[in-house]
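Here's the structure we're looking at; comments come further down.
Which chain is which? They are A, B, C and D, in the order written, and residues in each are numbered from 1.
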């Protein structure tokens, strides 16, 4: 039997979501996200955020959320500050630049951008021959599976406020970040610190969809116009509303994220006990162990996963991802093979 | 009881689709549209097109399909030719222009673009101070519910070929166009005449999704890069593949379109019999009767529909839309009220 | 001898300008428009505008001024309202659209946009499926050589203020508009009515250059960043400053415009006396007589001019343009030939 | 007396150019670069390139040349490879990104991009989640005043050909690169190796203007449409043609570049003799000595120059630039002050 640690979007949705899609199916609802399902989902999320006047918009994917927010929030000469490993920099096929904006990248540490690097970006750009860095982009969890602590986020937020920068968080795996054993920032904390962010559904049990959250009132007006213009306004917007309504019912969102994290931590502990190290500390549902190339060849016969990068002549970095649907037996089988 | 003729995206999906989403839910599949469901759906569509080497890509909405195709197919100085009533011109919040391209519009007749107008666009533009018209955009059915006959499409295709223009068809309601009682062009005919088009799912029984079809081999390379860049590549691409697989099983796609058309034709016949005229000839699931304002006020109490435009001092144009889910009783109730 | 009525940019510059370029040549000056010549030119223009806090930026051409201003002033979903004959719509190769913005066009009358058409644009666009018209673009003189009266401009400004629209004037031939015998709006009047505009140099005696004037304080910040980003910030910005300084010394700018207008009016009067009519009333240095095709063939042997458009089977519209350098003998020769 | 080593665009033009502008002033010529002066200049440049079928277009500045070429040559998903110090990356206010394209940067050595880094860019990007690197951008001289040797260019060209990449050279100071004492590549060599480049006028004795050279026939069609769309087509295009005609008459272009280089080398030799080192080896008209902060304070009283960057606690990097107009006495005065 073949186990899949390739990613967290291989399955469909949590059964509750499939059921909810079926139950609501024959009901009529207004189009373009102005349906009762979406409104109810938004209310549940606002309660979780402790922020009644957040604006919430549902879109179909993470790249879309990112390009939509950046292009809506920035003026033409304004740029994004991110880590070199950021999804927008490496894995969105130039989506941000297509909307006209530059990304200024900094090395980051274990995938996390540091306040000092934001300060460096501000210092470096000083006249009209240069862009104006305006939006700080971080992913939580990061692209290396690490997690920002509350004090990390506070420090970043502080430098943003000092220089009138916007803080935007790519939350494709925000549930996993919040439920990480090293984490101490709740959704409500994040809503206090960020100007806007998105809560990922696709990689935490939904079939499709992310919830864009806008906290900063200056960023709210006309956002739906930008959505329409970028092809992000869905005629049957209910399809995402129904899913988020289900995810934020009885804590399902957190439960699924915890499961994914726990499975990955079990993997990480076993790998660590076997004497292997990691590219970045394992903190969420994505872990990056360093394995001998020979072991990788062997493992590849029974398990699916990405070989992330070369480590040295004889070793490579693997990426192992667990999801809401990963089973104990898959983890056990993997650990037996190393 | 309140009946809804507002649009064709108020309900969820056909029950078969909901069932298919449930049945496939726990199966693992590759991400980003490279899953077996999407491949099977593409195969079924290709069979229908009679074109084995068409490229098929599934995206989440019509505006996205349009902006993606136009921006992928055109060079910066190339423009689109469309009718003034075209969706891209009026109802996509400037999506095409956001990607950098101009739309050259012509009046059209009953929402249909004419070969003579394409010729006029070609003649008018002749040097480097002007754009180069390159892509002819038509919607079938049109935004006024009318339908291009096969000979209309052949005439447009001919002028396109003569001037090396691309023919692109917005098929948000292509099923309804094909099954219109006035129509005589099959999907296979369209695949012979157009360079690219999309087959709409959202407005014909799917929960979400449109199938972009690329016939012209020059337009195929690197299309997935453009998809990713515009946020159109879905992590769980299977969600659309599964639906189209269902729609093209046993002719469901045609059946749903026929039902929508039939309901609208029943409405149109009754309205015609009652002595009212239409903004454009009723030919598909969207009809545009001209009603006295007083009648519109009365009807609005029991039925939901758009008042499309003012006709004269005392009359306005209503838009009535039927869908795969419209019931006979709704039609009957409406006709009794006029 | 061959006379040229083709355009107003066939010669070099007025001799005073050439002299000024020579006289200042060895002086050192700061780059990028922050030189004393540019500052002095700006001061002279501000005095003429009666507006000390206008922002003035010198750029190399009209299309650049237009695309720069529109893309700097508008948000992504905002559009331009213009006449169908507007330069940005027809003769800038899609420059505005390349920056991401739609142009909503209206027929206009004799090349002039009417307040009613602006109102129509506002009424037509009402939700997030549509763009938001935000900037009214007019050219003065228009592309048909006609001129807005002060009351025309006041009426347009009034509707702009009512709906919070920006009024922008393409002044490629603003000198000719101001000095037109039908005109009654001064530069100071225009500065009171428009949010931004440009004063054309290239077509009124300069070698190169237009002066962008920003009146509305909300449009001023970061404009130089936008200039740099669009390639509009010249390293030796002095080259345009020196020329505008000369043009606004002792009324040279008005003198050159008057000469061009007078030559064209002499032409127009002679053509009128000979019994020919015009596409639009002759009001500035561009006139559009309707001539029999045979006469056009004959005239083409001795004179250069554009055949603007077909009028009917036997007649066409010619465009005749006079410049600061047009000589009486050319006008006389032309009038003798008709 | 105050000497200026701030840049090479503080003066006007070489006197021959001013004279030529005057001499040609009253002659009539076609607009938009289709004048005899521009044609003659192009012919002279082609002769120098040894390439009769190069396409030559004159534009007003370097940023404009760069954004125009990149946006004309690339498809939306294609990106630029450059050094981190590249002008397009740092000092063009996001111009390339505004046209929709990403820049992938690599550290470079002394401002020069290395073939290995191009190879790295190619290797790193492999699927549709990433951009496709397509155009290699180098500046010659570089932003640090260093110069590519012929073998450097050959090695870069080789890797470009291997991977079907385009080689584009920003030649703002190409004259200075060719006449550098360390250089061995002629204009003809460059025309053999690059797909396109520009020959800078503004920073080598012209008032305004750069000559864009397109060698690769696939890049030639419709370039003037792109020029118009970006505001780069000048109505009185002659203004640049006249200057380049003069620059390429009797080797003036080389003579001016040599003078600028020689002045800078004299400076560099004196600074070296005084025991100071440089950020990058002095090879052209821009040099970057490392001076104690106290010396910089003192020098700043009598000389104008940029403090480029901090070197360490007590030392900073100065940028000293010489031009075609720099005088021996300025160099002598500077050397006496250190």
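Please note the rule applied: a residue touches a chain if its C-beta (ideal position, glycine included) is under 8 Å from a C-beta of that chain, and two chains touch if they have at least 3 such contacts.
Every value quoted in this text rests on a predicted model; they were computed, and no experiment measured them.
Trainee: Using the touch definition up top, find the fewest steps from chain A to chain D.
Mentor: The least step count works out to 1.
Trainee: Keeping to the contact definition above, tell me which chains border both chain B and chain D.
Mentor: For chain B paired with chain D, the chains in contact with each are A, C, in label order.
Trainee: Would you mind telling me which chain pair, C-D or B-C, is linked by more contacting C-beta pairs?
Mentor: Contact tally favours C-D.
Trainee: Quick check: how many Å separate the C-alpha centres of chain C and chain D?
Mentor: Whole-Å distance between the two chain centres: 33.
Trainee: Would you mind pulling out the distance in Å between where the CA atoms of chain A average out and where those of chain C do?
Mentor: Averaging C-alpha atoms per chain gives centres 50 Å apart.
Trainee: Centroid from C-alpha atoms only, then distance chain B to chain C, rounded to Å. What do you get?
Mentor: Distance between chain centres: 42 Å.
Trainee: Residues of chain A that touch two or more other chains: which are they?
Mentor: Touching at least two other chains: 76-77, 92-94, 98, 100, 128-129, 131, 225-226, 228-229, 233.
Trainee: Mind pulling up the chain A residues that touch chain B in the complex?
Mentor: 4, 7, 9-13, 15, 18, 21-22, 24-31, 60-68, 92-95, 98, 202-203, 207-208, 225-226, 228-236, 238-239, 325
Trainee: Show which residues of chain D lie in contact with chain A when the two form their complex.
Mentor: 76-77, 79, 90-94, 97-103, 128-131
Trainee: Mind listing the chain B positions that touch chain D in their complex?
Mentor: Going through chain B, the ones touching chain D are 32, 71-72, 75-77, 100, 128-129, 131-132, 222, 224-229, 233.
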